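As structure tokens, here come the structures.
Each of the next two complexes has subunit A plus one more chain, namely subunit B in the first and subunit C in the second.
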Partner chain A sequence: MRVVRLFVIGLGAVGRGLMRLLREKRDQYARRLNVRVELTGVADSRGAWIGEDLDPEEVLRVKERHGTVAAAGDERDALEAMEDADFDVLVELTPTDIETGEPGLSHILKAIELGRHVVTANKGPLAVAYDRIMRAAERRDVIIRYEATAGGAMPVFNLVRETLKSVDVLSIEGVLNGTVNYVLTRMETEGLSLDDALADAQSRGIAEADPSMDIEGWDTACKIVILANSILGVRCTIDDVDVTGIEDLTPEAIRIANERGYRIKLIGRADRDGDLLVRPCLVPKSDPIARVRGVMNVVRLETDLAGTIYVSGRGAGPLETASAVMSDILSIAERSPTTR
Partner chain B sequence: MRVVRLFVIGLGAVGRGLMRLLREKRDQYARRLNVRVELTGVADSRGAWIGEDLDPEEVLRVKERHGTVAAAGDERDALEAMEDADFDVLVELTPTDIETGEPGLSHILKAIELGRHVVTANKGPLAVAYDRIMRAAERRDVIIRYEATAGGAMPVFNLVRETLKSVDVLSIEGVLNGTVNYVLTRMETEGLSLDDALADAQSRGIAEADPSMDIEGWDTACKIVILANSILGVRCTIDDVDVTGIEDLTPEAIRIANERGYRIKLIGRADRDGDLLVRPCLVPKSDPIARVRGVMNVVRLETDLAGTIYVSGRGAGPLETASAVMSDILSIAERSPTTR
Partner chain C sequence: MKRFELDVILPDKPGQLVRILEPLSEVGGNVISISHSREGDRARVHLVFEADERAAREYSRRVSELEDVKILRFGRGPGHEMEVVLIGHIVDTDIKDTIDRVNAVRGVQVVDVDLEMPDPERRSSAGFTVIYEDEGALREAVRVIEEIAEEKDLTVLFPLEVVRCASSDSS
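Take a look at the complex of A and B:
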């Protein structure tokens, strides 16, 4: 039996989704993949809890009752706790900060320094410091996986890494933000204003209280930066992206586009020359990218040998995102196992 | 540098595509992935050619000039030649036979017996003997990869294996035959009869001279069997599939469906209960599966945690298929390298 021990930082929606997933599917992974996933540390912004084989159910209970795992552990910060814990993979799930990448960036660099692998759903560190993180990881021979950073449950990075090894991807284009796409879909089908469509999305838990990262295009820009670095080999950061959001878009513009055979989509695009942009685009209705509705995401990859490949899936959702994180964890466990 | 030595059986369109790909991209794989791909044997139905590091360019030239590589090698059959050759991976590219799986089945079992990994684009062996092949492979601890068997350049098997490890796929459904989909698209958009649409597909090299495997649904059935075994864990063979083709479909049926908001697609479907079917279905135009046009394929995967995932790509084409074969080869090379 292979064993992989996790240190999880961040117990927001995705972190809690991961705990539920551990609780429900851990035995199955052991049977099906011969991998035992153990939890040896958890941390949130107020403290950390370290133990030999923490019970994810108990972690959820402590977090819910006390608001922090410090209640069962102590007030050590995550960086300090990482030094004391016995783990194989850091799972970094703190909120995205696209200015500094913090606190995720420090957590990730610390894990690498300690010679531990990293799985993250946090776009910030990779959007501001992809190259720095990857160089550090290469020096310490550790694996960094980040499938959940672009499009929740829509597989992209691992798809290219594992199934398109023989080809060159020439460009990447797609709808990468489920909140924006939901808003645009509502504006189009019901003639709602941006504000009304947003309020609807918020009431359904699709948009956050402050949706500006989504609406202004920065979330899509983060994803484009990570895709460009990872798949196209373009070294870039969030500062290199030409970003226009949908904040000024009117229902009239959408209606007129619609009458002329187009849909307006917030498109992220990157090519091998390093042209990176996020922009509301008129997409012909016959284009598969125009056809993705609601919270679904889609990516189109143009390749040299395999033609055009599309992949589409749910862009967000705690369990969907947690499942992408868990696939990365299991993938690392198979590559770099601790056998007991 | 890791080295992987290939023995390639079958020099039809895909085999020749693989030779071209080797010629053009081999140096790039060495640089990018640190894997050197060598060719130490090739065979066709008339003979075999074994050598230390065969030149794919030269293989193409001999094959074109003489119709067989026996002209440079000898008339040994492939099974015998495999015993004499020094190779790591058998690449099985002979034509599909869905009655017996031969000659591919014997080639694959021989390679396993010799302790060699296998990459195949031949649907026959897996459609008639998936379980037998996989058990044999497990006993000898060799890897079997077959991405090209379902949908050419559309990644499915490796997508699930590598990127959806954490989830359970509950059902698989899709358009899996580019020829049929092209014919249906032409019948719909131009009101052609099946025969006229087929003649058009043949004139463009999309349909084979004898298109019955495609039109009668057997090609799709093979793919469903391999998908069901590989992804759903359903042990089945081609005999377990309920198959109806499009041979009796009229332009009128398509027109009437169209007027009522449907497209007719040849759908392959499998679920965890082992229900396997291939059938022309009325698909609502709003369904992403209805929207795939011409030679494109699409697969919809329903999962327990990651929601619905779609993947779409070109279903056929010699270079596209060869690229899927090459991705499998490179993937094996990374997992089980011979280092020199």
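Take a look at the complex of A and C:
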């Protein structure tokens, strides 16, 4: 039996989703994949809790009751706690900051320095410092996995890495933000204004309290940057993307587009030449990209040998995202020589 | 219905345009766009219309029989179309100027304009079709529209296909 020990930073929606997933599926992974996933550290913004084999159920309970795992551990910050903990994989689930990449960037670099693998759902560090992270990882011979950063549960990076080994991907394009796509869908079907559609998305827990990153296109831009670096080999950061959001979109524009046979979608696009853009586009109603409704995401990969491939799936949600994080953890466990 | 175009020269006098438009409605065709430019004491008219193949031929025969009217060109086309949607203060920033500037691109014609202005305080939205002769004309039209949008602070939406080509061109 291989053992993989996790240090999880961030116990928000995704972190708690991961705890639930561990609680419910850990035994099954052991039987089916011969991998035992253990939890040896957790941290939130107020402290950390280190232990030999923490019970995810207990972590959830402490977090819920006290608001922080410091209640069971102590007030050490995550960086310090990492030095003291015994773990194989850092799971980085703190909030995305696209200007500095922090606090995720420091957490990731620290783990690499300690010779540990990293799995993250946090777009910030990769959008601002992809190259730096990968170089450091290469020097220390550790694995970095980030399936959840673009398209949540929808497999893209792992699909290309594992299944499309024989081809070159020429361009990547798609609908990468569920909140925006939900808002556009509501504006189209109900004739709502952007503000009303957003309020509806917030009341359903789809949009965040401050949805400006989504609406202005920056979230999509982050994902395009990570996809371009990882899949197209284009070295770029968020500053290289030409970004237009949907903040000016009107229901009238959507209706006019509709009458002319189109839907409006916020498209992110990257190609091998390093052209990176995010902008609302007219997509013919019959196009697979136009058929993706509500919170769903879709990616279109144009390849040299295999033609055009579309992948579609849920772009967000705590359990969906945690499932992508867990897949990355399991794939590291299967290939990593450092796990026992 | 198919799309046709007709270029004619006629005297630049009142009432001349009607002479060439009447037979079109008689054969059951629809005007898509018409543009008119003065050349000395004569006028040149570029007409794009939709009609059945047979009606179109009948129409060109009738026009050719009109006195003082010379057909320069009659045929299918213009072949390609691109839809464009604009959002912003379209009217305040002079929609006519916007369209004229796109029309000024060689081989390009704006037709079928829809404008929706829900309330003067808010942003309006417009859709139009750009008819273009070839790839070169399309590229230039896209460039000019982007330039106008930038200058007038409008949001412009192009078909995904056009965005794809534009992004692979520029690099």
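Operating definition for what follows: the second predicted complex is superposed on the first by the 336 of 340 C-alpha atoms of A that agree within 3 Å, B and C clash if a C-alpha of one lies under 4 Å from a C-alpha of the other, contacts with A are read in each partner's own complex, and residues count from 1 in each chain.
In this section, a contact is a pair of C-beta atoms (placed from the backbone, for glycine too) under 8 Å apart; a residue touches a chain by one contact, two chains touch by 3 or more.
Worth saying up front: this structure is predicted, and the values here are computed from it rather than measured.
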Message = Looking at A:R132 after the superposition, I want to know if it touches subunit B, subunit C, both of them or none. Which is it: first, second, both, neither?
response = neither
Request  = Tell me which partner A:S327 touches in the superposition: subunit B (first), subunit C (second), both or neither.
outcome  = first
Ask   = Which of the two partners, first being subunit B and second being subunit C, lies in contact with A:R2: first, second, both, or neither?
value = neither
Request  = Using the superposition on chain A described above, determine whether A:G317 touches subunit B (first), subunit C (second), both, or neither.
outcome  = first
Which superposed partner A:R26 touches (first subunit B, second subunit C, both, neither) = neither
First, second, both or neither for A:I256, with subunit B first and subunit C second = second
Inquiry  = For A:A153, using the defined touch cut-off, is the partner it touches subunit B, subunit C, both, or neither? Pick first, second, both or neither.
reply    = first
Ask   = Is subunit A touched at more residues by subunit B or by subunit C?
value = B
Query = Looking at the overlay, does A:K110 come into contact with subunit B only (first), subunit C only (second), both, or neither?
reply = neither
Ask   = Can you name the residues of subunit B that touch subunit A in the complex?
value = 21, 25, 29, 33, 147, 153-155, 158-159, 161-168, 288, 291, 298, 303, 305-314, 317, 319-320, 322-324, 326-327, 329-331
Task = Give every residue of subunit C touching subunit A within the complex, in rising order.
result = 83, 85, 87-88, 114, 116, 118, 122-127, 129, 155, 157-160, 163-164, 167-168, 170-171
Inquiry  = Applying the document's contact rule, which stretches of subunit A touch subunit C when the two form their complex?
reply    = 171, 173, 244, 248-250, 252-253, 255-257, 259-262, 264-265, 267, 269, 271, 273-275, 277, 279-284, 287, 289
